[in-house]
Amino acid sequence: MKKLINSPEEVVADSLRGMQAAYGDRLRITFDPYCVIRADAPVKGKVGIVSGGGSGHEPMHGGFVGPGMLDAACPGEVFTSPTPDQMLSATKAVDGGAGVLHIVKNYTGDVMNFEMAAEMCEGTEVETVLTNDDVAVEDSLYTAGRRGVGVTVLVEKICGAAAEQRRSLKEVAELGRRVNDRGRSMGMALSPCTTPSSGNPSFELADDEVEIGIGIHGEPGRFREKIGPASQVAERLMGPILEDLPFSSGDRVLAFVNGMGGTPLIELMVMYAEVARIAADHGLRIERNLIGNYITSLEMQGCSITLLALDDDMLACWDAPVDTPGMRWGA
Amino acid sequence: MTAVAVNRDTTVDWMRRFAQEMAEHRQELVELDTAIGDGDHGTNMDRGMRKAMEKLAESAPGDPGAVLKTVAMALVSSVGGAAGPLYGTLLLQMGNALANRDEVDVVTFAAAWRRGLDGVVARGKAQPGDKTMVDALTPAVHALEQAHDLDGGLVEAAQAAEQGMYATTPLVARRGRASYLGERSAGHQDPGATSSYYLLRSAVAALAD
Amino acid sequence: MKKLINSPEEVVADSLRGMQAAYGDRLRITFDPYCVIRADAPVKGKVGIVSGGGSGHEPMHGGFVGPGMLDAACPGEVFTSPTPDQMLSATKAVDGGAGVLHIVKNYTGDVMNFEMAAEMCEGTEVETVLTNDDVAVEDSLYTAGRRGVGVTVLVEKICGAAAEQRRSLKEVAELGRRVNDRGRSMGMALSPCTTPSSGNPSFELADDEVEIGIGIHGEPGRFREKIGPASQVAERLMGPILEDLPFSSGDRVLAFVNGMGGTPLIELMVMYAEVARIAADHGLRIERNLIGNYITSLEMQGCSITLLALDDDMLACWDAPVDTPGMRWGA
Amino acid sequence: MTAVAVNRDTTVDWMRRFAQEMAEHRQELVELDTAIGDGDHGTNMDRGMRKAMEKLAESAPGDPGAVLKTVAMALVSSVGGAAGPLYGTLLLQMGNALANRDEVDVVTFAAAWRRGLDGVVARGKAQPGDKTMVDALTPAVHALEQAHDLDGGLVEAAQAAEQGMYATTPLVARRGRASYLGERSAGHQDPGATSSYYLLRSAVAALAD
């Protein structure tokens, strides 16, 4: 394992020190417990938006804290969901009197820790949006359900904009749930990743194999196959996504091609060309796009695709200004 | 039988031994979790129990219930993942059941375990057979409830937990991260059931004789 | 070799197709020859800014085309400098009557191709800024001289802003040269990269080795050593940079921690914490920072550090709005 | 001696053979360039000569000078890197020297090579001994200048280029990308000198007999 870290134990704290040094004018970083908070929080009368999850998915979530997106993020250890005391502390720090929205990715650990936190948040109205957009996972009573992946970034951006408009907690939460309902994702990997603490790759892949349907913690996917051209990879991911919602001809969509952390941008651009082609074949109108590393798995090579069926409200919220280290426009 | 019983000091010793087990078996638990999860269970539990031992040293709680609650809160605020809330709930509910009690007998201790297990099930919604820590804890609590004395009961409970742990191997996971694997989760022992067995084994070492 | 591409021959064309699909409203992409051009070019009365170089360093340069930065970029094949006809075509496309600045990284191929292009650009006044900020290379008559690396991104941003203010070609070029003179960089690699056409890693590194002083095409560095903590890596890079200019106590700097393409952001944040510490030890005031993948080497893991001694003019130009796929603020 | 000489058809044949050499030795040149450069020399030259053959087919130039200029322009606009401008300049200047000439004799041909080499040196500023294509071209042009007939001259020029190519191995690079390696560039044969040898070898095959 070769990594630019000081020690596996210190990687989260050190990276937060880096964020403090880099963005200390805009973000307040606390270390006990770990929280990344908008410097001007709480914003009076605004719904506070708190997200969180294991580290190793940067820029998500800490990189999305700032005007127009999150009020606070709670980073856990690498690939380990954060703890209730973090969420409690973040929730209290961003409570501007209009309630606080928790954005939670559907993983057992995240769900339980956020649940405990919500139970502890007396005096603050809390609503939760659970993201579960990963079509690679069978959604049934006999599993932990679908994982929350790429759509989480879109929910954070869109709810962030709605909260800036001073919409009510209920409205922001409903919008977030609608985004989750209308978004679908699927990912794939060319290579595994290695958490600093384990020191070993999360799985093994042959030199010519890819894993289709992978999760963002190196969870295995639907199947493995010999690597084909980008056009084939795009079809493997777009097929299940398009079937699942289903998306239909004429739909306006946001297309999000996400890198898993170790994929060069030139490859993401090649993938986007294929996604645009397949979307056009299905009669979809790509109104907006997002291409880059936004929800990653350490140094994993691969990508995920997210499609969101947009409505006017989502579109306007997407376009609204955002000013965070990881996503910035109009500001 | 002997002078060992569930009191403040033996409960602290139990937690100390559990912390030691988590440190020693950290890599084993990481490997089990790498096979069907995300490879952090050993690191999580080790980090949590270290923190718990610090907190115990700082706050010096006065009875078994307080000891367990202190450990529970430390785990909740330092483990994260699925194991943090689950072990936190287990020990918190046991601690609540033992609040202000000392020199606890087997009936009371078994009832505390039952309350803890109920908490785990309420939090995680896993049933026996779902390939989770519940598969080690359920038979262990049952054995303790059947026991007439603490020593024998703990030994039987630990044996039941061990069997429950081994029995997770062929199962298909239906809760937690391992459930994403579907059929491919079969053939691997559950990490959480394994750490739960160590919790019982530590109890034998500290509380039985 | 596992890559998200259709074929080694088509990777540059396919990625440009992706850019066209994604940013076609803002960028004009030509395929014969390859150019990425601001949709509203030429901007009348504004100095046109053209950069270019081999592909594989994305987002540089195509991702930096847009208001406030480049008017056009010429992407070559992967790690191969572009050809004079591309630069000629780009230069003509962005000539708004105030002349055109060529920003050229100091590599033999880039220099010669841009030279030939400049010779062919009859009717357009052309100035060239050559970047050569890589302190890992001995600068002597007996080498090709220092390589142009991280400072190139800063020159492009700052000259882009100056050109938007309608400064003259000479002024913009002088500012660009001053940025280059006052900027220094050094990079390192944890792993090599593989060009699509060769299919083999550019070099081999042992499991516990890093290469210090690497170039952005996998050119070997000053030395190899066993990997140490991030603090040590940062010292290896900051030492030669700080000595070279030299930077002195009280200087205001821009600190740029760049990922080589395969490095997770969490590691860049850890590196930034170390850079900030070392800078503070030297009495430098970090006034601005840039952290992320901006000048990459395909999927190489590693990072580079660039320090720029800022003056007021550079600072103002840095802060000016920029609206490109790869760098965006104030717009 | 024979009927083969430097005319339109033999010049086209020369370029065709060079294109073939570049295709065949593509991987070898890539590997040489991987050792001391960035691994693209084979791909670059192969891509360029394919493009040149297309252009020759399209435009059917009428004399050796025009053939070489067509190839030169194709190389300049498709090779990139260091080799594009250098081979482009070499062939462009040779083409200029041979403009509107046909059935070229050895003296004229040698002079054309000299002009090409001068162009390469003016463009790239490399001296013999800098470990570049100049190390293969310089002795080759010299041999041609000493020759009394084309056939013998070409054979000797190719031999000289080959020796020049081999002689680059121990050298420390002082130009181009390989110069970044400093002392470590010694022990590797220069890729550009190697492709230059193939250019001479193709000339022997097409123009001598």
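For reference, chains read A, B, C and D in written order, and residue numbers begin at 1 within each chain.
Quick note on the criterion: a residue touches a chain if its C-beta (ideal position, glycine included) is under 8 Å from a C-beta of that chain, and two chains touch if they have at least 3 such contacts.
Please read these numbers as outputs of a predicted model, since none were measured by experiment.
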Shortest walk length in steps over touching chains, subunit B through to subunit C: 2
Identity of the chain that, by mean CA position, is farthest from subunit A: D
Inter-chain centre distance, subunit A versus subunit C - centres from mean C-alpha coordinates, in Å: 29
Inter-chain centre distance, subunit A versus subunit D - centres from mean C-alpha coordinates, in Å: 54
CA centroid of subunit B to CA centroid of subunit D, Å: 76
Approximate Å spacing (C-alpha centroids) for the pair subunit C, subunit D: 32
Multi-chain contact sites of subunit B, meaning residues that touch two or more partners: none
Where subunit C touches two or more other chains at once, by residue number: 78
Chain contact graph, described as a line, ring, star, complete graph or other shape: line
All touching chain pairs, where touch follows the definition stated at the start: A-B, A-C, C-D
Complex interface listing, subunit C residues touching subunit D: 33, 54, 76-85, 107-109, 112-113, 115-116, 137-138, 142-144, 147, 195, 197-198, 200, 202, 215, 217-220
Interface residues, subunit D side, partner subunit C - complex: 30, 34, 37-40, 43-44, 47, 76-86, 88, 123-124, 174-177, 179-182, 184
For the subunit A and subunit C complex, residues of the former touching the latter: 2-7, 11-12, 14-22, 55-56, 58-59, 63, 78, 190-191, 207-208, 210, 227, 229-231, 233, 261-273, 276-277, 286, 289, 291, 293, 296, 298-299, 301-303, 325, 328-331
